[in-house]
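Here come two complexes built around chain A, the first alongside chain B, the second alongside chain C.
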Partner chain A sequence: MAALPRRIIKETQRLMQEPVPGISAVPDDSNARYFHVIVTGPEDSPFEGGLFKLELFLPEDYPMSAPKVRFITKIYHPNIDRLGRICLDILKDKWSPALQIRTVLLSIQALLSAPNPDDPLANDVAELWKVNESEAIRNAKEWTRRYAMDN
Partner chain B sequence: MLRYILSFLRIIATKMLQLLSSRKHLIENVLRIYIKTTSGSTLSIEIDPKYDIKQIKNLVASKIGAQPEELKIIFAGKELGDNIIIEECDLGQQSILHAVKIKRNVPTDQSSSKMKPLCEILDDEMFSSNITNSRSNSFSTDNEVINISNSVMLENSTIRSKKIHFYVYCPTCKDLKQGKLRVRCHFCKSGAFTVHADPQNWIHVLEPKQITGTCENNPELCKDILQNKEPTFAEFYFKCSEHISLGETDQAVPLDLIRPNLKQIQCMACLDTSDTIFAFPCPDDHVMCLDCFKQYCLTKLTERQFWQHPEYGYTLACPTGCPDSFIKEIHHFRLLDDENYNRYHHFAAEEFVLQSNGLLCPQPGCGMGILAEPECTRISCQNCKYVFCRHCRQGFHIGECDVVENNDTAGQNFSCESDMNYNNGNSGELASRTTIKIMTKPCPSCKTPTERDGGCMHMICTRAGCKFHWCWVCQTEWTTECMGDHWFG
Partner chain C sequence: MKMSLNERLQEELEALEAILMDDISITHNDTGYPELVKTTIFPSTANEVEKQYVCVTLEVRLPEGYPDCEPFIQLRNPRGLDDSTINNLYKSTKAKCTEFLGQPVIFELIELIRENLTESNLPTCQCAVCLYGFLEGDSFTKTPCFHYFHSYCLAKHLTTTQRLFQEEQDKLPAWQRSTDGFQATCPVCREPIGCDVEELKTALPPKELESAQTFEVTSDIRLLQESMKRLFTYQKRKGGIIDIEAEENKLLLITESSEDTPPSDNSEDPGPSPSSMSERVVENGILSRGQRYDFRFNSGNR
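And then the complex of A and B:
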């Protein structure tokens, strides 16, 4: 494998030294491009009290291409599909090499605080979120309790 | 005996080598330059770079039968003073100086002895500020700058006193090189031209008719060319500083966004601070090192994310999404290697065809752009002779398009089993054609082949000008039904 670019080393160091509140991102022992991420559910959101595991991978041409991020912990959210893929513009066409792992994780945290069922990527969760928000929030809380609170 | 001859030969060989190397040493100290006179003749002279202009005048005067005091020597927009040493001017081998005979016997202007050629007068202050950077005054009040320690400020000021570098794409060297700024008469293109003022920014250099001057080649004609409606203007151009000048028509394209990193700004991608940077044309100091810029171009090219700009051509903007930040001079993409620069051209041509409502030949390896009347359904490719149906891009057929999956929008499905007779098919071509179809499907809106990279059936056309949201399964626009039925396959 090619040497790790200085940019990745710098970002990793900074993530270790000044972690983002509520987020931990640790590189894998065997692959420095693969990060084990834990995001705590934001206060006053249906995900409060949950610990959500994610995986983050920096592709070969990072930072020209966006990191690949996926929720491992099941989550009831209109912008996250059942395989854990996230609908977030900065992970797709709004990606810019000036953005960093840190900004991506912060945006994911923000997405938990403010679900967006009007985003063109939506499913049955989004439908419910629009027609019956209180029931959707109840579901989200239930999933958080069931999948994100044990261990 | 043989040994004797051999050692004798060796001695001769060493002597010859010494001779050659000493000769080479001599040549290195000689500058061959050309002197163009206003009478139209060109003198070729060899000089020592330590000569001053006075000595040049003496040399030229004796050759053209004039008095040294009658001559003006002009180079890069300036009359050179007698005390200027050739070495101080940025002359390369085979550069051209202009000798102009003064009509009236004007006493030597004292100030002219201080005159230096254009390239020497330009210092960093003038060119370091971005043309769009009208905020240069607010620079010092910027919070970030205030925080910079004194030592860094000092360092910056010493950097500022360095000579400016221009970067060019040289068509002769076929590479990015440092360039030299030169000037000539806008009307008659003669280099015997002196400027009235130095250019202060890139607009003065890149846009026509910004700086006035005096044409010494043909003052009467060039002054009166428009019946004095306009002054005589300077025309700036660039030369490559690395190869020996190939004459007056030898020019290089200025790459104005490649600059010395005077403000020591970090590359937004790798976070290194390099000496030479690519500065995006936005006011926010968004820069990349050249390696990252090349990588950025390559990634955007592969993703077909270049834009067809109506004025500039196939280009990119600042990756941070700054408004109006398109790269105007598309020769910057010459930084791509040959193979990818060819791809760039290819994609640009395709994009142009698509924007003109044309079609691309669907044959693998062809992709010829075809402009056909909108009502014409039988399209024939002039390049590979393939004749195909406008709607389904299969071999031309009469009647309905052969649609495999149920589909309300007829003709948007590719069928692998359609009539291959039209391809006068060799099996290898057919095989690759089938693979291409499995891996990619054409965007229903613009027909650009799109690869499916993940599990999601929701496709967004990667072509920058299209961005159509469509469904991999239905090959029509993405709908809520698609989300419910087969979002993940």
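And then the complex of A and C:
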């Protein structure tokens, strides 16, 4: 394996030793820059009870540029599209090297608690979220139940 | 003659204001009771501000009945101090409050904290960029907002953000470009900072990096990998996993109504490396290697 930057090693160790409640992230065997992630749906959100799988990749110049993150489990959310791509400023122009894997995943978990249909990525979902919020929340709960549960 | 509670407090606050002047702020509640006293404390460095590497804001909340009952202490916005230093400060201020029950204690607290800061007037925190500490001989920079970075790490941040700023500017038509030029910001709090990048660039990498451990797959990692895999397999069976190929083909059909590629059944785990992702790209022949990888990850952020 090519030399892994010390910062990535340190973050990995801390993720294992002091895990963030409701979030687990583990590097892949063959590529220590690729993380398998599970984020639990926050309490009092339509995603409560769900276990969402994500993939996270640290690019060559991390932490100077943001990790690339995507949902793997289907999710009904106005800021996450059908391919699982996430609309979140800190993953783009608001990235800072003082952010870490754990803070990024916490922000994503917070996005589940606070959907923002005014800044949509999934247009049909955002539209329904604006015109009929209760139906949108019902859909989100249904998707969580159907796709994001554990056995 | 015994003074009333309020007179004793009044006297203490007047003395504090006389000593600290503008460096202390007292907040009164609706009934005019002084409920909160706040001051930011620096180490004693004979007024050489550039040698103050740490600071903390002390908040003393005064319950009715103070000084005959203990005030509530909060230490806010610590700079250059790690968690254990802060915890020790909490312990010793608490002890001081107990010791001084019935007597004015605020100035005692300020002095206690100042002594502690003077003793540990070297950043005990980590560099937020590389996550390693500051060792003797490391070249480090203190921002005006009291955040610490190895000069080497800060230089990397500044050159990267400057390059990104320039790239964004170059994309814009001339009339939309910023006239102010590049403004460096602190990685931690985004406050504007002024730094000489050229000088920072000459700094050597932090020392602790050299002695850091290498990466090893531990049994913890194995266990977690296993449970992730189980969840993936279960959700896959339930149809809960996003099928990138199928979704992309849907998009293509809508936008171009081009060739109808059947969704491939990728039942393997979705990892691990970008190289295996791009292999699938070539298979599918929808996008080129690089494009496809970007397409999967770089979501539009508008």
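Criterion: the second predicted complex is superposed on the first by the 144 of 151 C-alpha atoms of A that agree within 3 Å, B and C clash if a C-alpha of one lies under 4 Å from a C-alpha of the other, contacts with A are read in each partner's own complex, and residues count from 1 in each chain.
Note that in this section a residue touches a chain if its C-beta (ideal position, glycine included) is under 8 Å from a C-beta of that chain, and two chains touch if they have at least 3 such contacts.
Everything numeric here is computed off the predicted structure, so don't read it as measured data.
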item	value
Touched partner set for A:Arg6, first chain B, second chain C, both or neither	both
Touching partner for A:Asp124 - first (chain B), second (chain C), both, neither	first
Chain A: partner with more touched residues, chain B or chain C	C
First, second, both or neither for A:Gly84, with chain B first and chain C second	second
Partner chain(s) touched by A:Asp93 [first = chain B, second = chain C, both, neither]	both
Partner chain(s) touched by A:Leu54 [first = chain B, second = chain C, both, neither]	neither
Touching partner for A:Leu105 - first (chain B), second (chain C), both, neither	neither
Chain B versus chain C as contact partner of A:Met64, first or second or both or neither	both
Doubly contacted chain A residues - partners chain C and chain B	6-7, 10, 61, 63-65, 81-83, 85, 92-93, 96-98, 121
Partner chain A, residues of chain C touching it in the complex	128-132, 153, 156-157, 160, 187-188, 190, 209, 212-215, 217-218, 220-221, 224-225, 228, 231-232, 234-235, 238-242, 244, 247-248, 250-251, 270-274, 296-301
Residues on chain B engaged by chain A in the complex (per definition of touch)	268-272, 286, 288, 292, 295-296, 298-300, 319-321, 454-456, 458, 460, 467, 469, 478, 480, 483-484, 487-488
Chain B partner contacts - residues on chain A that touch it in the complex	5-7, 10, 61, 63-65, 81-83, 85, 92-94, 96-98, 120-124
Complex contacts: residues of chain A adjacent to chain C	1, 4, 6-13, 16, 24, 26-32, 34, 36, 38, 51, 53, 55, 57, 61, 63-65, 68-74, 81-89, 91-93, 96-98, 100, 121, 146-151
